[in-house]
Amino acid sequence: MSMNNLGIVKRNIERPDVRAVAHLAQFGSATVHEAMGRIGLMKPYMRPIYVGAQACGTAVTVLLQPGDNWMMHVAAEQIQPGDIVVAGCTSESTDGFFGDLLATSSLARGARGVGIDGGVRDVKDLSAMPFPVWSRAISSKGTVKGTLGSVNVPVVCAGALVNPGDVVLADDDGVVVVPAAIAQQVADAAQARQDNEAAKRAKLAEGVLGLDMYDMRGPLEKAGLRYID
Amino acid sequence: MSMNNLGIVKRNIERPDVRAVAHLAQFGSATVHEAMGRIGLMKPYMRPIYVGAQACGTAVTVLLQPGDNWMMHVAAEQIQPGDIVVAGCTSESTDGFFGDLLATSSLARGARGVGIDGGVRDVKDLSAMPFPVWSRAISSKGTVKGTLGSVNVPVVCAGALVNPGDVVLADDDGVVVVPAAIAQQVADAAQARQDNEAAKRAKLAEGVLGLDMYDMRGPLEKAGLRYID
Amino acid sequence: MSMNNLGIVKRNIERPDVRAVAHLAQFGSATVHEAMGRIGLMKPYMRPIYVGAQACGTAVTVLLQPGDNWMMHVAAEQIQPGDIVVAGCTSESTDGFFGDLLATSSLARGARGVGIDGGVRDVKDLSAMPFPVWSRAISSKGTVKGTLGSVNVPVVCAGALVNPGDVVLADDDGVVVVPAAIAQQVADAAQARQDNEAAKRAKLAEGVLGLDMYDMRGPLEKAGLRYID
Amino acid sequence: MSMNNLGIVKRNIERPDVRAVAHLAQFGSATVHEAMGRIGLMKPYMRPIYVGAQACGTAVTVLLQPGDNWMMHVAAEQIQPGDIVVAGCTSESTDGFFGDLLATSSLARGARGVGIDGGVRDVKDLSAMPFPVWSRAISSKGTVKGTLGSVNVPVVCAGALVNPGDVVLADDDGVVVVPAAIAQQVADAAQARQDNEAAKRAKLAEGVLGLDMYDMRGPLEKAGLRYID
Amino acid sequence: MSMNNLGIVKRNIERPDVRAVAHLAQFGSATVHEAMGRIGLMKPYMRPIYVGAQACGTAVTVLLQPGDNWMMHVAAEQIQPGDIVVAGCTSESTDGFFGDLLATSSLARGARGVGIDGGVRDVKDLSAMPFPVWSRAISSKGTVKGTLGSVNVPVVCAGALVNPGDVVLADDDGVVVVPAAIAQQVADAAQARQDNEAAKRAKLAEGVLGLDMYDMRGPLEKAGLRYID
Amino acid sequence: MSMNNLGIVKRNIERPDVRAVAHLAQFGSATVHEAMGRIGLMKPYMRPIYVGAQACGTAVTVLLQPGDNWMMHVAAEQIQPGDIVVAGCTSESTDGFFGDLLATSSLARGARGVGIDGGVRDVKDLSAMPFPVWSRAISSKGTVKGTLGSVNVPVVCAGALVNPGDVVLADDDGVVVVPAAIAQQVADAAQARQDNEAAKRAKLAEGVLGLDMYDMRGPLEKAGLRYID
């Protein structure tokens, strides 16, 4: 009987077109973040549990209570193939909310990964599956199952607002959240950006300077940059 | 031409009934936070710049860029009497986005305070006004005015989602955000809670134990608590 | 049926002679810490909730679970006049485990203060009582009552081992823990140190250098210190 | 002539039965931590210097002074085959207290690893040996040899109390401390837990939900969880 | 016989004209920091030990070793009236390098304050003198006197380079370092800035918006800012 | 027209003899740091983006503004083969100032690596090149190009002063800065130290204790160390 989004599980969430998600999956988090106008990024304390981890999917969101992973089990039932579970917490906690067993279950449900503003454990097993997880900590600390949170409500995870159904794209560089409504638009912008970068990279590799390629010399001089010997 | 909420100023925001705000203003942040079901709190690194700071008002939200306070000036125009400016930032920054001059302007517009997920400066002057500010840092570091953010879009400030028009209540204990739609409901719940606490406080002051007043002995025993000598 | 000190309340703890505690209460935490050989100090993130807070008493210890203050209520019953409640937590948490009501109850039981490796709330009320608390955070965040910890077992609080009955001395400089068995011995050493300091202070105030007063010039030269112009 | 455990080396410490240690060595830190009732864990800032590091042995404890590793040399003499050196520090320090030479010496004495609430260096060499170390930092910063600490006294390392002779088990998930007296009991509980998990894992892999396997639906409903569409 | 600036005390340092220092002393740290072009600021973790602390003087610099305050005593001899002692450390330490006795000695030598990238203790006594100190921590933790550092060499304190003789200006907002060579020039720029601010403040107090006073509307529109309803 | 080192690019910097740099490149950062007398080290939060990263070169320095990487492009032009770009920032920022494109350009210019007191992105690409980077964070967060900093002025990077032309040596253990003027002298001292260590390592591997090899027993006894059983 909460006034807010507490103690609630939303079953039907709108997921974006799978083609938009598939398109986004082709880019890195930095490219997508730029394509969105440099917003939507989780804080850099979110790190993957193994080098080379990569995932792109639609968010099933979880609001956790500190030291309590009950809602991770509730969320597992809401996972559809292609989803990524994204969990925020009502206060900062590094406890191991997620591990080997939940990963096994999540994989069976078709999850592509987990982002958790808390701790994760069994990272050796998860790396072997492999089941990619981005988290603020790695910790053996177990959790209780005693207090309600919610599933599929808007949550804040590592400083980023995540709505259920948003596209979550994560790799070695971080975790970026793309609102479902603009997923295809962002994918297109990312594509344009990436197409553009190959030529730039080639030029830079040949020794052309960014100063020249981006026409920065004029603006720098205007801003007052002085060269001295 | 951003795909997202970047480069936007929303002028007309819905503010809750002033009576609900006035009612909420009578309670402490802890009481309100409990009344909401223990959600909606900013992280505890948000501290007031002086002891005894207290404010309750409706949120004008700002999305800042790191090291850039341009949007604080844009936001100033959107302040209406009774507002509190709440600013998040696209990445962590402790720079002094707000100080004496902006506070003078904000006061002239009728602002009741500022909550900023960044730094503040001129705290001596602000304390003398007094103009209450809650921030993650105090820093003389000045900022540029070069990159757009937004005003009155949903922002994440210190881990809490804030929508324009939400009620923000801040005191020595922290900063809590009450969604506009449930402001009166939360005020009523806070009132009930507070009415209830006076009697409890009296009992505890007489030496009655919480163990007895809250009937905890049974549940504790059931949970396995053992007393040894 | 825990193998360890979990789910246990020890009722009879040995407290040191009240005269030793009273003697220790006359010194600052820095003096006592030096008298002990520079050990026994909690980490400096433990800060008092108001300027000038000061307390010295015997430890009733609590092992908390994150986001759960059930054991604080269990501990309240074990408080005897002159005690200080010292609470550690099984994982890091800044939640508000202690506030106005528990302070009222603690005061009624004769407690002299609280040290908590977590958060505290209602600091305005606590400061008015005044009831001194040292904590790692101030936070409105409420807690549940669902999981057992323990009372009067050895706990680690802010990096310091605290046994029930140890003398805890706290002031603006920090929190130091004196094992009960050496309380009088440490008080004597602190007294000697303090007696000694008055004369030193007078000399230094007259302009005598520590270099000369402590005969440091020889050892410095031997260590290789060179003066240049 | 310290009043406390400073300037002391305890030579004869009681180590638990090697079979209990060997048994514990078969489990992960998360399993053992759960088997103990979710206590005894070091803070998650303790990280292994290479992926896949694993060690289980009996604790030789060290109390270090900041920026001073003299006691690591004193401790080396107390190492017996199968030991793990666990070092706390009287204040927080990230200096490189341990490196290639001490690791060579420790290996020669039969040590299985090191846990240090400070910094370690020469991690490339240590990884090549391999000699596993868990630490709060990696740092080239060298240390002096000038101030006494102690060896084989109770120490607090990364928030955990460690008594000499305790079993220390460390892997990718963290470092857990098992009191010597209950080593076999914990090993048995861990075994039971592990035996139990294989069946659970199989079920979850088949798609059975934790909600059903753990019979959580009733308790969740009773707690007030609501499903909405 | 160090190759570097270690184990050295430079006795004759060049101090800027006292009039420049006196002029700078009239401004706040934010104004001076702006006047310098927004550089020269220590990190915001440097906080004064009491509200309203203020100091401006010439730097006597100290390079400390972690947990060792020997050089603070060596530095005391180099203090001339009007100096501020600024201490960096070869690695991060929160130990109490400075307290009541050293403050008494420093006051006797004419020091105006201390900035220390470490801990300070006896803050109650120091606040009563008053002797202003800016530090990263408050800690009872005592230090040894065993390893050489240096006095009056360039040091990094809280991220800022400080040369002996630089002007250090500190208040509630932070600590700013002004190179001796440009002290008067910066004072003049600060004066111009301050003169300018009074008129601005008056305008803002009357309700004029920064948007108009600073002519921001054009640049904002050009940058693409859109107003929506 | 800055009074300080802002808005300046120094083109001609003095680099040390390449033989000294080549000699230094043969040692680890810990050895070099010891050879310098245990100073000159960046804080341990500077971590390489991949295991085994190693670089030694001469510093091209950059002073960045938060969230702005304009100066990285300006710096690229100043790179000569064998250089390492070292960037400090006027306030703390974890934004991704450096990535794939700048690395491509830097490689083309002959850079050996980058040390940045901020964030880096595209770490997968950089690791594949391989182009070694040491940073305080990994972050997809993009930056603007709007505010001047400087190139080849003295900068503070992660707590260490770096002058243009200094030798920067970085590996898994950290980043050490050797002033150009003493590069050869430090290389010689490092060589002596390393020559000396091989024999020590062999002795320790045979089981000789550091206590005996370094003749510590006498000093320890003199300091008061007591052995108990």
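Note that the chains are named A, B, C, D, E and F in the order they appear, and that numbering of residues resets to 1 at the start of each chain.
In the analysis below, a contact is a pair of C-beta atoms (placed from the backbone, for glycine too) under 8 Å apart; a residue touches a chain by one contact, two chains touch by 3 or more.
What you are looking at is a predicted structure, and each value in this text was computed from that prediction instead of being measured.
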Any chains in contact with both chain A and chain E?
-> B, C, D, F
When chain B touches chain E, do the two copies use mostly the same residue numbers, with over half shared, or different ones?
-> different
When A-C and D-F are ranked by contacting C-beta pairs, first place goes to D-F
Chain C to chain D: how many Å between their CA centres?
-> 27
Centroid spacing, where centroids are CA-atom means, of chain D and chain E in whole angstrom = 42
Can you give the whole-Å distance between the Cα centres of chain A and chain D?
-> 31
Can you list the residues of chain F that touch 2 or more other chains?
-> 2, 7, 38, 41, 90-92, 94, 139, 141, 147
Mapping chain-to-chain touches, which pattern fits: line, ring, star, complete or other?
-> other
Please give all chain pairs that are in touch with each other.
-> A-B, A-C, A-D, A-F, B-C, B-E, B-F, C-D, C-E, D-E, D-F, E-F
What residues of chain E sit close enough to touch chain F in their complex?
-> 2-7, 36-41, 43, 63, 90-92, 154, 156, 159-161, 179, 182, 185-186, 189
Chain A touches which residues of chain F in the complex?
-> 1-2, 7-12, 50, 70, 73-74, 76-77, 94, 96, 99-102, 104-105, 107-109, 119, 121-124, 137-142, 145, 147-148
Residue set of chain B touching chain C in the complex reads 28-30, 32-34, 38, 41, 44, 47, 51-52, 171-174, 176, 197, 200-201, 204-211, 214, 216, 219-220, 223-229
Which residues, counting only chain F, touch chain B once they are in their complex?
-> 65-68, 90-95, 139, 141, 144, 146-147
